[in-house]
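The same chain A turns up in both complexes below, where it pairs with chain B and then with chain C.
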Partner chain A sequence: MATLALSLHFGGGMELLFDNRRDHEITITLPAPADVRLLIDWIATNLLQERKELFLEGPSLRPGILVLINDTDWELEGEEDYQLKDGDDIVFISTLHGG
Partner chain B sequence: MCDNPSADGAETLMPRRLKFDRSKICTKCKELPGNVVIRHAVYCKKCFLQLVTIKFRRGLESTLLPDPSSDPSLRNVLKASGNLLIGLSGGLGSTVLLDLVHRSYNSTSSSSGQDGKPRNRGKQAPQRRKDVWNKVMVGYVEMCAAYPGTKDRTDEARGMVEKCAEIEFVPLRIENVFDGEWWKRMGGKGLQQLSVDLNVDGLKVKIPAETCGTPRDALQSFIASLPTPTAVASLLRTLTRLLLLYAARSTGSSHLLLGTSLTSFSVSLISSIAQGGGFNVREEQEETWKDVRLIRPLRELGGKECATYMWWNELSVLPGGITTTKEQGIGKLTRDFIVGLEKNFPSTVSTVARTCGKLVPKGDTDMACVVCERPAQAGVQEWKTRISIWSRTALAPDEPVKGAKSLAPYLCYGCHTSLTSRSSRGGSGLVPSMALPRWTGENLTQLGRAKDEVREGNRLAMKREIEEFLIDDTEEK
Partner chain C sequence: MPPKLCALCDTSRAIIKRPKTGQQICKECFFWVFETEVHNTIIGAKLFKHGDKVAIGASGGKDSTVLAYVMKTLNERYDYGLDLYLLSIDEGITGYRDDSLETVKRNQQQYNLPLKILGYEELYGWTMDKVVAKIGKKNNCTYCGVFRRQALDRGAASLGVDHIVTGHNADDIAETVLMNIMRGDIARLGRCTLICTQGEDTIRRSKPFKYAYEKEIVMYAYFKKLDYFSTECIYSPDAYRGHARVFLKDLEAARPSAIIDIIHSGEAFEVNEDVKMKTQQTCTRCGYIASNDLCKACALLEGLERGMPSLGIRERRKKEDDTPMPENLRTIPMFQMPDVNKAATVELSSS
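Let's turn to the complex of A and B:
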């Protein structure tokens, strides 16, 4: 098990799904290896307030949500396989909020 | 000998291409580690922000350069013939668009970056982009009347615009399109509210005996009488576009900018074609309406690029959009498809836009649809009657319904389909008589007048041809 302190941010209108709060400081304990896949599942269970379908598609993150890990696109970091580290800063931004 | 891939019973998947090419170093500066992947290319933060600005300007400035043959000294001088109106929905694209216009063309901000330090753009660049438009305005269309229960966000939108110095806020409401006072301000003449009976073949136009109530009531009856959720989404889009275009004309704007990203652009192209708007595929890309040029300068930037730009520049969308937009039907299905495609095959979305850019509709027309005011193909009704049974009684093409004017011959294929297609689930067409947007009445009157003139012209031409065979009345006497 790994205990991690993480900063989570939600933008592009997604904050509405999370109690209208943009920034969340969390400390969580996840089974090792603690990857982003487990974090997404934890967020959906513990932080998400409404309309799960706007955050998840099946067990994965819904297409159209951009993820930045420490200010870097998660596609450069291995996406859901990225191993979380203590103090990581993770941003979820919706691209689905119209034109 | 080749192996049989299905022999072991496992599903054979096509190997997925890596999300980025070569290394994690920025492909542009080749020095800094990359921060974002855009269609397989890696960029650092600095190069990415520059790239967004370049793509935005490229999309817009080609329309601002004067014709060099008219005056060679004006070469490379950016000057518009009127003001600028930016369409703001408060969503991702329009938020990014407003910021880009403010940074690139606003006279006070053009000389410095977000950190307050001067930008290295060359000696002439800031001057060249100064005073391109006399006045820059933002038109915000409040949609809460179309979605009962949602909050009016005009004040939030005003606050968003007030952060940008020297940009004026123009509040608009979607129900304005049914408002006689608004129509008068737009220079409209026909002040009578028309409605159409959707249950009568040929779509009979009438002047309602009772008024439709307030413009808000008229909008709600308009939405309630539309037969499908697809038609609701499509016609609300049409009303918004025309409301902004009329606002642009009334404010002396030569350009109307919309924040349609590459992703939204591909969605609107596919969705429009699927709804019968193939003839207007050129107008979906760029159109000139009564001397106003409608431009989508973000159409080379995908949703991901817009979202990344927004986050790194600390911008915020208007709250409420993600849960209030209850879009349904073909538009939503197309969006889900394109966004899903973009996740795994990001280059394919730009291919959609490029391919649609090569499409040219067959034939030309001088007729415009009275509802969407886009070119309408001639003979649509005739063709539709020939290939399908869509009414119990056969209606001859272009034949008005007895005792009343029919709307059908004056509609484009897309609008006609939206108004007449019935949902397999019964549809929502609760109110058979639907109020029409104010411009429809005036367009019908003008078309009727033009038809009368043509008829009169034909009569005179016929008379000239047979003149020598006619017996003079005086001679007979």
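Let's turn to the complex of A and C:
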């Protein structure tokens, strides 16, 4: 088990799914290996207010949502396999909202 | 994992994986290649001439906000010599457009560009709120789309501009290609991938972001900390478009080049315009381009005013529709093309 303090941010319209709040400071305890897959699952169960289908597709993050881990594209960090560290900063941005 | 170095400069830490190329690059190189590719698109398609007056269709959303920023940057960097304006259409949607217009007004300050806002209320006498109250949430996007198109032209005409640029990105165009395929609309399929369109009596329109991926636009806005608005229109659920979008994002997740590949296949459907296009005429009531006696906006407006919305939606009017127009009906003011140098040759380019 690992206890982690994380900063989460939601943007691009995603904040509407989270009580219209962009920034969330959380402290969570996750079983090892504490990867982003578990975090997404935790968010869907504990933080998400409504309309799960706008966040998840099956068990994974919905395509069209960009993720940055410590200001780096998560595609460079192993996506769901990234191992969370205490103090990590994770940003979720929807690209699906109007241009 | 040690931080990966940028594939371009080999000195800074990579922060983004480009969907188009798979390259991993740093923030400064990302800004540079993104801007340079848009510049190359503009130059390659010869979109502008020195001295052109160009209106940026600005909604306050991510694409047009990034477009305004990049157009301003490139205009200065490469000395395009363009006179840039922000042009916003106020559809009159409470809780949506009024908020996004606040964003456009901040952009006006931030980018120091003149802003013109034209509202449906002012032009048609009907806000979208009123339209939806009248017709419900079924065809509202048809009204909104027809009204917006004409409002943009009229707004541009009142600014005296020669050219409108919009923030349509590669994902939008790929999505439109897919939808036209699903509808079997081959004529539109050929046209929807054009970077620049101009009929005889419309103002030139183009899409400098034709090859820019949505992911990169959003990442650009994020890293540049640009101020944009991202709430869905309250009347939105256009389910068909929604499905096409989701399908596209799934494809992109599996193979990022899918977006560009779809655009290229759309481009392969070249339409012989002389054969396919209906002849254009001008609206007998308002002077705007039309393919029938009335332009689409006048037909829709008449339906609303008479309390017979189906009047404007049907393809062909029936005899009994042609009762004389009641005197006090609202109509749209006469349209006049701005007096620009029309002799200039226009190159329609699709690459």
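The criterion applied here is as follows: the second predicted complex is superposed on the first by the 99 of 99 C-alpha atoms of A that agree within 3 Å, B and C clash if a C-alpha of one lies under 4 Å from a C-alpha of the other, contacts with A are read in each partner's own complex, and residues count from 1 in each chain.
As a convention for this text, a contact is a pair of C-beta atoms (placed from the backbone, for glycine too) under 8 Å apart; a residue touches a chain by one contact, two chains touch by 3 or more.
The structure presented is a predicted model; accordingly, all values stated were derived computationally and were not measured.
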Superposition on chain A - do chain B and chain C clash or fit: clash
Chain B versus chain C as contact partner of A:Ala5, first or second or both or neither: neither
First, second, both or neither for A:Pro63, with chain B first and chain C second: both
Partner chain in contact with A:Ser94 - chain B first, chain C second, else both or neither: both
From 9-17, 189-197, 387-395 or 423-431, the chain B stretch with C-alpha clashes against chain C: 189-197
Intersection of the chain A residues that touch chain B with those that touch chain C: 11-13, 16, 63-64, 66, 68, 71-73, 75-76, 91, 93-99
Chain C residues touching chain A - in the complex, by the definition given at the top: 1, 4, 13-17, 24, 59, 61-64, 167-169, 171-172, 214-215, 217-219, 222, 230-233, 236, 245-246, 249-250, 252-253
Residues on chain A engaged by chain B in the complex (per definition of touch): 11-17, 20, 50-51, 54, 63-64, 66, 68, 71-73, 75-76, 79, 91, 93-99
Chain A residues within the chain C interface of the complex: 11-13, 16, 62-64, 66, 68, 71-73, 75-78, 91, 93-99
Residues of chain B touching chain A in the complex: 19-20, 24, 33-37, 42, 45, 89-94, 258-261, 263-264, 303-304, 306-308, 310-311, 316-317, 319-323, 325, 335, 339-340, 342-343
